[in-house]
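Next, two complexes with chain A in common: one pairs it with chain B, the other with chain C.
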Partner chain A sequence: MGRWKRWLHLADEFYKAPYRGAIAREKRDQEDLFMLLVFSELMGVPNPASYYTLELQPILLENFHDWHTRMGMEKSPLDNFRCC
Partner chain B sequence: MTRLLDLRILFVGGKGGVGKTTIASSLALLAASSGRRVLIVSTDPAHSLADIFDKSIGDQEVSLSKNLWALEIDSDREADRHISTVKQNMKTLVAPKMYAEIDRQLDLARYSPGAVEAAVLERVADLMAAAGTRYDLVIFDTAPTGHTVRLLSLPEIITAWTAGMLNHQDRSKRLGSLLDGLQKNGEESSDSGMMDFLKNDSKNQRNEEISRILQNRRDKFFEARKSLTDPRAAGFLLVLNPERLPILESKKAFDVLSRFQIEICGMVINRILPSDLTGDFLRSRLKQQSHYMEEISREFSGVRSISVPLLERDVYGIGMLENVGQILSTAISSSEIL
Partner chain C sequence: MVSMNAIYLVVTGVVFVLLGYRFYSKFIAEKIYRLDPNFETPAYTKRDDVDYIPTDRIVLWGHHFTTVAGAAPIIGPAIALIWGWLPAFIWVVLGTMFFAGVHDFGALWVSVRNEGKSIGSLTGEVISVRARNLFMIVIFLLLLMVNAVFAVSISNALVATPSSVIPTWSAIAVAVVIGVLIYKMHVPILWPTIVGTTILYAVIWVGDQVPVELPAVVMGLSAGPQWILILFGYAAVASLLPVWLLLQPRDYINGIQLFIGLGLLYAAVLLAGPEITAPAFNMDAKVIGAPPLVPLLFVTIACGAISGFHGLVASGTTSKQLDKEPDARFVGYLGSLGEGLLAIATIVVVSAGLGSSEEWRAVYSEFGIHGIDTFTRGGAGILASGLGLPVEFAATLLTVMAVLFAGTTMDSGVRIQRMIIQEWGTIYKMPFMQNHYLATLLAVSSCLVLAFGAGGSDGQGGMLIWPLFGTTNQLLAGITLLVISIILVKLKRPYKYTLYPMFFVTAMSVLAALYQLMGFFENGQYTLLAFDLLIIVAAILVILEGFSAFNREKANTV
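This part shows the complex of A and B:
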């Protein structure tokens, strides 16, 4: 890699790195809000739309694992929603 | 009131036992005889359309007479159908190892509270879309008011939830692609599960497919809601008797419907006793009736009403329904504002 190219790469990193962290955090917060919306029903807050949004289930199943590990729970905290 | 039968969608509501099915069926026959293609739909779990027309009617549209079709929504079958559609959708959306867990989740959802009601609502929305295309007029012989009102308020809540979820999906995807743009040059994003899910093209495609399915469903409810709140397209007809409980129930329905901006296009005061009755017992009933008639005109001032007398015999079969239709036709043309 030429010196100029390396310099460009470093400059690029210099600008991008702080944003990358912030956006990843924002995205994770969004995921958490989504989980909160959907699982609030299991915690007793009724969601009248859940019947019409059952197709979201596969996304939930996949994200659920990420979520409960991030929340510091090794296993699924919900008896009726199995995970790993 | 003359434009009552020019609507595309007519809901007939009121307390159980006031004669909703009789009024709805007679109106349907009346509209059909004027050359409009009419579908009458029962949403009540305890159907009585078949009994009143004295013909077998099921979950599929059947022809009853010229220009008139009928169907009785089978709510359990509707819920089963919805769940099996979702299961079908899922098979293209998840990895085969997930099928068992997804099936288990969906079977739980099938028997969760509100599922059957939600299924009926979806069918109602489908049938509302048929008004103005396959049919000129769709009349819903609805369940007692409480149920109907819940049915009517649901689309708004569903729109909010579904839109919220879809927006979240969009936002999440936008943030994901923004993140991709910020990745180190020539480097793939990290291997965490979440990033993995975003990087994978087939999964992205899958999420778009899910969004598409949900968006379609939301659009359907949105359209139904739009017709429902358009007074030129849809109307709500309240049926009541000059008695205490139906009046109280109608008042509640009136308040809730007004709150959701659904126009009450009229009231049918059904089973009015003739005034020339004799005998202490019947005179006492008459006195009570006139008291309640006054209460109705006081409580529902500004609403158009038509009066239907108590008939000598109970009503069933097309012939008798046509007679009631004639009574309604005369009453409609001379209807007045209470």
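This part shows the complex of A and C:
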């Protein structure tokens, strides 16, 4: 990497690094809310759009374990839905 | 009196702190903290790309330095000059070398060695859970005072230098535009930086031409208190906005300002070579009602010599991003050294830039009434003769710089306060406190109580909180040094390099707190009296518990 490019990289990092965590956390919070919407029926919260959100469940399943542990539930909160 | 050129002061200060980095920090790194290049830091072991992420040491140093260096190393020394330049200079230089460096570096090191935990959690682990809870209270009070004192300083500066009003508020617009360009439109960093900085300096020129003053009285409030209310209104809104929109670009612009400002000041002093007109020891200090130098000097200059706030930053965010353990020396020790350099620059401009010895005495006629204003006045004179800038423009430039530092600290201070209130809401199961808006309102109103409770409705004398802020900050530093010492005892390593500074700062801050307690009682300032009492009780309890933990560990290792 040339010297100029390295300086630009450092400036870019100097801009982004301090707030990387805060922004990622905010993003995650929004995604958590979305997770709750998608899996709400399974936890007994009525969801009028469940016909559509059902389709999204397999896609979000990857993040499911992280999500429920983050929400303070050690094991999967869903009866028919073993995750860990 | 023999006059002395300010260049000697600058060179002596810089050489000493650099020697401190070269030799003392090396000794501490090798013999005491024993940094290991092969140690896997939390940035790798707990990597989540959110908080834990290995970061280039230069970036991390820049981030750490700009977070810890704000308006405080400017205001503290500017007030402390009332005792003459020599005591302030010696305390800043020795403080940076033997206190701040070891403290910041140590906080970073213990956190890295303990999975990136903050000093607060470590207090819970090595001392006790009760000590941890009290520690949280001390942190909250510290933030409260930071916000109150900075609001008063900014309002004083805006009233004293009306030409800084337009640039100060325009900086917010510039920041928002940079934020949108970089975050939303993915524009590479170079152009927003160049254009943003250029616009900022152009607006400083505009501000110089168009000074803005608030109406003399609105609803019984003079201009100072009006600004304080506007500032807290702004801080409340700013702390609720997404960080990418305002806080992130504002911090970045400030970082650049800090480097430019430091460069300009040092260059101007070296080019102008002004004579120091302030007395080395001000024999009149007592006559004009300044408090005794010991212990008040050691709390008036907190940031710049040693500051507990740095430990919070070092163990809160910096430790989670440290790439290799030996980088801790570079980031921690050099970070505090950067702040020491800002404090030295302030001492130099305030002791050499205010005109003749008589003029200097006319300015320093009372304790605690000056802060940013003397720095900008002194600095402007030196920038004018050193770099040929117009005096008015230079004064506006330095005011804007200092106000921006204080403003950003306020923004993030209110934000952190809000988060602590929300955390208390969760711990003590009070859902209303978890609400974003309500928590912000609580944070801001507690600051307002302090800002007005201290100075009355005219907002004058608000700087009286400054020594109390310093006291809290130093007590926090004492607690951090104690935690580091306990961990060193556990590891069977020499602990005197952290324990002796701990004794010194704690003794000075407790003495200062007691002295202030008497003053608040005599003047009937009961709000401050209550704050002071709370701080003394909380800090002493933490320290006593700390000593019992220290002795327990010492007995275990024998």
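In this section, the second predicted complex is superposed on the first by the 70 of 84 C-alpha atoms of A that agree within 3 Å, B and C clash if a C-alpha of one lies under 4 Å from a C-alpha of the other, contacts with A are read in each partner's own complex, and residues count from 1 in each chain.
FYI, a residue touches a chain if its C-beta (ideal position, glycine included) is under 8 Å from a C-beta of that chain, and two chains touch if they have at least 3 such contacts.
Treat the numbers as computed from the prediction; the structure is a model and nothing was measured.
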item: Touched partner set for A:71, first chain B, second chain C, both or neither; value: neither
item: First (chain B), second (chain C), both or neither touched by A:25; value: second
item: Touched partner set for A:59, first chain B, second chain C, both or neither; value: first
item: Partner chain(s) touched by A:14 [first = chain B, second = chain C, both, neither]; value: second
item: More chain A residues in contact - chain B or chain C; value: B
item: Contacts of A:49 with chain B and chain C, given as first, second, both or neither; value: first
item: Doubly contacted residues of chain A, that is, touched by chain B and again by chain C; value: 12-13, 16, 19-20, 23-24, 26, 28
item: Residues of chain B defined as touching chain A within the complex; value: 82-83, 86, 89-90, 93-94, 98, 101-102, 105-106, 108-109, 112, 114-115, 118-119, 122, 154, 157-158, 160-162, 164-165, 168, 171-172, 175-176, 178-179, 182-185, 192-194, 197, 206-207, 210, 213-214, 217-218, 221
item: Contact footprint of chain C on chain A as seen in their complex; value: 8, 10-26, 28
item: Of all residues in chain A, those that touch chain B in their complex; value: 9, 12-13, 16, 19-20, 23-24, 26-28, 30-31, 33-34, 37, 46-59, 61-63, 65-66, 80-82
item: Chain C residues touching chain A - in the complex, by the definition given at the top; value: 49-51, 53, 55-56, 58-60, 62-63, 67, 182, 188-190, 193, 242-244, 247-249, 251-252, 255, 317, 320-321
